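Given below, in the form of structure tokens, are the structures.
Here chain A shows up in two complexes: once beside chain B, once beside chain C.
And then the complex of A and B:
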């Protein structure tokens, strides 16, 4: 998985690309650090270019959400498609995190 | 005590016609060919029956072509004279080849090699090369394979416990444990076995590891970890844990 961050006034949009799995632990740690550092109160993870996510990847997204809450920020998961959308649905992540189309 | 595998008494499904080496030294490959009474095939794409790939690490197995027909089994044999104890999964090569013969697809690799190759994706490549799958089923199978294999590698063989709390400290602990244990030769050398049976109306996959086993927790799925088995249970028609949690059998309807 890799990512790019687009900084706007009120939100930072992080576009995730590729596959998010347990092997991405180091990259996710780095990303969470960057999301805590930047000033935007709303952190949007744009999942439209993410091709695959596993249960550990979902766990890491939940850790990101927790960390944003602890820092007074909101996390939004946006534009998931295909397998990623299916896993978010099956694991009922919408009960815990804001999901937008 | 040797454990009987589920497929041990079933009739042979795959009769190997040849052997192909992936990053395997020529003299060692020649000895394996002789001991298995299987001819070497330098150019496997030529057709002529199922091919058994023997590999020495992940180095030469990156190309998708090595995971498609005519390949039907991928085994990383123990080093000759290795001090590692014989286990169910680290059995002598002829035993593993017999087990491969009882499956349609069979893989037996070390944890280090399986992790390096992102094995679940390779299994999916091998499966889809044999059988066209609708997109939805393909995605579900990929996830179930990935979850079962990463459970076997991460929690089984490497004995890294899941991320229990939703905290970056716990993510760091997971990260550190995973890196440390992959660097431990004894753990990284433990094996993962994948056996696939393609039936008329279903695909049956078994994944086994050499870890300590586990008992599924009733309250899984509350922290950052523990969703993998639930996802498999949702996707698969049936799911069964065996051998104290070291083996999972999943059935997917076609």
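And then the complex of A and C:
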């Protein structure tokens, strides 16, 4: 998995690419740190280019959400497709995290 | 009876018309024809009566037989309807531990169970990742600790070195340095104790580091076990359950229709059996017709006898061939035609005496009374 951050007025959009699995845990922790530091109150993870997420990845996304909440920010998961969208739906992540199409 | 035709060619009576005696002249030919016709008519009436009686009995037997069969059919239709209703009652539910659970309730229960399972997987994954991050940090801290113990060793070596130098300097100072030599020795003792403590700490820290690394590895293996396929299995299970519910509903509706049809069949058959009562009426009508025919036949017979008594012995009976042919043409059933022919030709002969004209004689040769179509 790799990512790119795009800074906008009220939100920072982080575009995740490739596969988000357990092996990315250190990198994702770094990203969470960057997002906490970022001044935008709304942190958007753009998942349109993410092809796959495993159960550890789901766990990490929930940790990211918790970290954002602890720092007074909102986490948004945007434009998930394919397997990522199906897993998010089945796991009912929408009940915990804001999901946008 | 009045004849206004041409004058008789061969007078039977004594002479011309005599209105006063009530006598008229009739030709021998006409009388022969009439006698022949009367004979055929009487026999035909007999045959018709017999045939009507046979037909009535035939219809009665067939009706009784049909009614019995229809009753059987109605009973079976009712039985089938009850069985189908039993299936309908059971189709929408399954038995679990001896208790009937409606299919839709069961499906909702299973789906809830799987939803809980998926939620648990998500919670476990989240906790596992939190632990992984926590142990990542602990590992860093422990590494720091190892480094710190190393630092203590360095400091201790320097302390020991300084104490040794101090002892040497105290020796050189002689009596003035004696007290200082004691202090330097104490510092060396302290340094040794510190070194021993650092050693013990290193041993313990090494054990902790090993434990933490093992735990970290195990936790990484756990967190690295991808459960997303199991989560996605919910999609398949949901579809299967929906399909199961739909199929069960379909079966139930088909079976309900089948139960209704069976029930309809049963009541229709009951109507058919009621409809069979037409036979009673038919029988009564045929009996009435037969009674009329018997009266006509008796009248004809009497008339024939009276006329024959007045006819001279020389006058014979003329067979009405054309009528006979017309009559025979009507009897298209061979068995019936056979009975008619026997009656016409054999009655009053020696064969008749021997019982050839018994109703069923000659009928058993082949078809045994089956209806001949075309």
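Assorted remarks:
Note that in this section the second predicted complex is superposed on the first by the 101 of 101 C-alpha atoms of A that agree within 3 Å, B and C clash if a C-alpha of one lies under 4 Å from a C-alpha of the other, contacts with A are read in each partner's own complex, and residues count from 1 in each chain.
We adopt the following convention: a contact is a pair of C-beta atoms (placed from the backbone, for glycine too) under 8 Å apart; a residue touches a chain by one contact, two chains touch by 3 or more.
Quantities reported herein were computed from a predicted structural model and do not represent experimental measurements.
In this overlay on chain A, chain B clashes with chain C. With both structures placed on the common chain, the touch criterion links A:11 to neither chain B nor chain C. In the superposed model, A:74 makes contact with neither chain B nor chain C. In the superposed pair of complexes, A:82 makes contact with chain B only, with no contact to chain C. By the touch criterion defined above, A:62 reaches both chain B and chain C.
Of the two partner chains, both chain B and chain C are touched by A:90.
Annotation: chain B segment clashing with chain C after superposition, chosen from 109-117, 127-135 or 217-225, is 217-225.
Overlap of the chain B and chain C contact sets on chain A: residues 21-23, 25-26, 29, 54-56, 58-60, 62-63, 83, 86-87, 90-91. For chain B in complex with chain A, the touching residues are 115, 118, 136, 139-140, 142-143, 146-147, 150, 154, 162-163, 166-168, 170-172, 174-175, 178, 221, 223-228, 230-231, 234-235. Within the complex formed with chain B, the chain A residues making contact are 21-23, 25-26, 28-29, 32, 52, 54-56, 58-60, 62-63, 65-67, 82-83, 86-87, 90-91.
Of all residues in chain C, those touching chain A in their complex are 115, 118-119, 121-122, 124-130, 132-133, 136, 220, 223-228, 231-232, 234-235. Across the complex, chain A meets chain C through its residues 21-23, 25-26, 29, 53-56, 58-60, 62-63, 83, 86-87, 90-93.
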